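Chain nomenclature is as follows: A, B, C and D, assigned in order of appearance, with residue numbering initiated at 1 for each chain independently.
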Amino acid sequence: MVIKTEPFVVNIGPVHPSTHGVFRMRTTLDGEVVVDMEPVFGYLHRGIEKLAEERTYTGCIPLTDRLDYLASMTNNFAYVLAVEKLARIPVPERAEYIRVIMAELQRIASHLIAVGAFLNDCGAFMTPIVYMIREREKILDLFEMACGQRLTYNYMRVGGVSQDVPEEFVPALSKFLKVMPGWIDEYDQLLKENEILLARAKGVGILPKELAINIAASGPVLRASGVKWDIRRADPYSIYDRFEFDIPTGSVGDCYDRYRVRVEEMRQSVRILKQALKDLPEGEVRSDVPHRLHPPVGEAYAHIEAPRGELGFYLVSDGSIAPYRFHVRAPTLINLTALRDMMVGWKVADLIIIFGSIDICMAEVDR
Amino acid sequence: MTVLSGEELAHQIEKKFPKSIIESSPECLVVDSGFLLGVAAYLKKTPRLDFDYLSAITAVDYLDYFEVIYQLTSLRRNHSLVVKTRCYRRDNPSLPSVVSLWRSADFQEREIYDLFGISFEGHPNLKRIVLWDGFQGHPLRKDYL
Amino acid sequence: MAMQMLPPDWPGGFWAHWAVFVVIIFVFVLGVMMVALWFERRAMAIMQARLGPNRTGPFGLLQPVADAIKLLLKEDIVPAKGDKLVHWLAPVVVVAPVLMLFAVVPFQGGAILADLNIGILYIVAISSVATVGIFMAGWASNNKYSLLGAMRLVASVVSYEIPVVLSIIGVVLLAGSLSMQQIVLAQDIPFILLQPLGFLLFFIGALAEINRAPFDLMEADSEIVAGFHTEYSGIKWSLFFLGEYGEALAVSAIVTTLFLGGWRGPVLPPWLWFLAKVGLVFFVMVWIRTTVPRVRIDQLMALAWKFLFPLALLNLLITAVEILVWPAVSPWVMVAVNIAIMFFLVLLWSKLFKLGWGRVEV
Amino acid sequence: MKFERYGIGIAKGLSVTLRHLLRRPVTTQYPEQRLVTSRRIRGNELIWDKNKCTGCATCAKTCPQGVIHIVTSASAEENKYLVEKFEVDTGYCIFCGLCVEACPFDALFMGYAYERARYRRGELVQDKEMMTETPDSEVSGYFHPERAAKLPRQTLLIDRAKVKG
């Protein structure tokens, strides 16, 4: 006997505890099963690309802070790389190292939130995210020490970083690097082998390798699908060619793989940080760049491996003090392309964790 | 990552699609919009080129024309190429959609449609993405104030 | 300690007994519930490296009082298109049976409101009534999240009743009585040792039946906002809250009575033993809630029907065989045999579980 | 996929949470307990050194939000402009610190205080008098290392962690 059921439409979001911001999923459910899903964006659209066209090149750096607010350092990094490419500005050696240190710390901080929020979505009530925020605070302390803010850092400048790190930064960072691996082990002990988590996340929301490449997924989402692709290795920017690190990859591309890839990436970041801290040279941190920069007419695309994927900035200069075009290749927006394919057929509860495992930041998706 | 020279590729593509290349330089390749889909399919499917990864699409309003920029990458061969195409009309500009080749174009073409008003023919679900339906104008055009 | 004989004569006199115990139950349920609330929040906070409520009163002990006052003063919102009568009635239907459950819980030898000779049956029957209230709430709210939550609850309660009742029967067989008082008196060795598998099944089943983590999917805040009480506010919402914590306490009390030897224990006064055991069971619930993620609805049902139900049947069978065939064997031998059987069966059944299933082609 | 764990994973997790019962909570109870902020904190006000300022308006030109309003008139003495009006609407300010960086005469500072909540938006507008540096002003060391040296050391949560081995 077939029971005749009627699908009904449920709006998950824009105001919902686990849509990580103001995302809306217009889902059609048949009982608990997701029959169809349509993502609706734009609740946090602030027109950053248009705003940037009226600001100086330096004045755009605070705007990039407000893209992916969980990884502002890497946003700054990608943007200044693009401007440096456009205006052909050299960067002092020490500044390169400080940038890499900041970017890797930011990757750890961002993945802590990503993993914590994912586990929270799975229903582990608050515990993992509180533990992870506990460690993230320590990274934020370091950022605050260097640049005076805890969220919108505005730290990197075209041709370097705004100020040299204070003298107490290096001892604090080396202490952090000593204890961080132990904490990562503790997170693993908490939930890595948990049977319920395995049952919930293994094999759920599979993004096949071919599809992941076709939708240009990037970052942990792409790597979890088994593609060994990391821009730090494939197209080394800054000084990433000097460090040794592995690229963790998943095998099937399910939610569990995405979670594991993020945790392993934290370990690799600690490894890079140790090398960078060991080689940190003395010297200038900022080359002489005028406040009102006039890059030559042209265009530049610079991309980096941000915590959430390939973050690219495409800048067009017309020779004036403001960019003619400022485009952000937002990794999270593009990672969401296959959201429907991953969700259809699973239950409402899976829909939440699939979405959580992609790890988005709405400020970047909508811009 | 090696950046493939647009000039060298232009010769190859010209052999297959005569008059398809408007301009070429070491950095980029400007393709006539009529040949865009053919050239894109060629770039994706030729084994030596193998551009399987369309990393970003964006548009620029140069007032005389719109330029749409495709950042292509090959994950297997680790090389990249910038392909551009131009659209000279300001009222109802349209270009062929590449969603059939790379699904990553889906949201990005919708975004360009939303903010520049360029409609992509063949896009499965072309509607506004960040602004609401019924919004007047296309904000990233230079004449939008 | 000399065992008190039945019938209960603690305060003495029928009506005096009734009056005293109705008051005791209300005070106990409400008072202990407040402490339990505070306890859960504090214990969970400390396990999460936080502090928890510590501002109102010493150690934040008055926090539940402050919350209650706040909730009483809040505006009561009824959805415009909801069913107003049912919406109003639902919290009452949820809370009343929870209070009634405590009527048969023996706090001490003889300290029981009504020593029904079918005490445990009464508990099974009454505890299901709350489900109706929750479904009423989900229906009357006219909210899709509420309805989903209520449907999940009904599905899970209907499934979990069966293994729970079957595992209780094992205890009943051993004790030879349905009366709660008699079950406690029969436990010279706590039944958790004689019935380890029964305890495991009962505890898992009871967690699911009262929607505690990891089976709290009818109010899964990360999925369906707050489930059946999404549309409730103020005093009505607090009644649901009361019902939920009352159920948790009731289950703790029932586990104590059925498996942990009730009020019995050396040195300390019996009522303190009882409270301590209830507190311990409650702490285990809090501890589990702090640690584990939530299961999915189909996994929940699979657990009930594929794991708990067959094992509960086997447990019942084995217990019955043991009682019939070896009535005179020393209980300690039985303890060893039963623990071995539990490990064997659980390991055997665990092998049957698979990962990554549950996708439906649409 | 095979599944052979029998609850060991859950037991491991339970042991982690149980261990935390014995650890000190990390909460800082804010109004009573305070952590010392960074010496470079970009607190939410701007402080202005009247004597060093020449009225060049570089700060106003650099401000990405355009919230610095400065009106000057030529004055005879010392090759300076006379600052007639100097106003910052800190309600619109994003505290990026670019003005402090840009000031060629080191006349502008970020504030060290971060508790400047107000009941009305109008009260967030800082005028010339409110911005002028007095002996009481708490000045942050952002981009001014000489000021940073005078400030107390930042509390670091990492200092509370125990290093094993």
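By our rule, a residue touches a chain if its C-beta (ideal position, glycine included) is under 8 Å from a C-beta of that chain, and two chains touch if they have at least 3 such contacts.
Quick caveat: nothing in here was measured; it's all calculated off a predicted structure.
A.B. asks: Under the document's definition of touching, what chains do subunit A and subunit C have as common neighbours?
C.D. replies: Chains in contact with subunit A as well as subunit C: D.
A.B. asks: What chain lies farthest away from subunit C once each centre is taken as the mean of the Cα atoms?
C.D. replies: Using the mean of the C-alpha atoms as each chain's centre, the farthest one from subunit C is B.
A.B. asks: If you tally contacting C-beta pairs, which comes out ahead, C-D or A-D? Let me know.
C.D. replies: If we tally the contacting C-beta pairs, A-D comes out ahead.
A.B. asks: Would you kindly tell me how far, in whole Å, the mean C-alpha position of subunit D lies from that of subunit A?
C.D. replies: Result: the chain centres lie 25 Å from each other.
A.B. asks: How far is the middle of subunit B from the middle of subunit D, if each middle is the mean of its Cα atoms, in Å?
C.D. replies: Centres of subunit B and subunit D (C-alpha means) sit 43 Å apart.
A.B. asks: With centres defined as the mean C-alpha position, give me the subunit C-subunit D separation in Å.
C.D. replies: 51
A.B. asks: How big is the gap, in whole Å, between where the Cα atoms of subunit B centre and where those of subunit C centre?
C.D. replies: Here subunit B and subunit C have centroids separated by 62 Å.
A.B. asks: Can you tell me which residues of subunit D touch two or more of the remaining chains?
C.D. replies: Expected reply: 1, 3, 5, 7, 10, 13, 16-17, 26.
A.B. asks: Specify, in ascending order, the residues of subunit B that touch 2 or more different other chains.
C.D. replies: none
A.B. asks: Where does subunit A touch two or more other chains at once, residue-wise?
C.D. replies: Residue numbers touching two or more other chains: 127, 134, 190-191, 194, 196-199, 202-203.
A.B. asks: Tell me, which pairs of chains are in touch?
C.D. replies: A-B, A-C, A-D, C-D
A.B. asks: How about subunit C: which of its residues touch subunit A in the complex?
C.D. replies: Listed in rising order, the residues of subunit C that touch subunit A are 44, 47-50, 144-145, 148, 152, 213-214, 216-217, 220-225, 289-299, 353, 355-362.
A.B. asks: Looking at the complex, which residues from subunit A come into contact with subunit D?
C.D. replies: For this pair, the touching residues of subunit A are 55-56, 58-63, 65, 127, 134, 137-138, 141-142, 144-149, 152, 154, 162-163, 166, 168, 172, 175-176, 178-179, 182, 186, 189-199, 202-203, 291-292.
A.B. asks: Quick check: in the complex, which residue numbers of subunit C touch subunit D?
C.D. replies: 43, 45-51, 287-288, 290-292, 346-347, 350-351, 353-356
A.B. asks: Given the complex with subunit A, which residues does subunit D contribute to the contact?
C.D. replies: Answer in residue numbers: 1, 3, 5, 7-10, 12-13, 15-17, 26, 37-42, 58, 61-64, 94-98, 101-102, 110, 140, 142-143, 148, 153-154, 156-159, 161-164.
A.B. asks: Sort out for me which residues of subunit B touch subunit A in the complex.
C.D. replies: Within the complex, subunit B touches subunit A at residues 1, 52-56, 58, 60-61, 69, 71, 75, 78, 80, 82, 102-104, 106-108, 111, 115, 128-132, 139-140.
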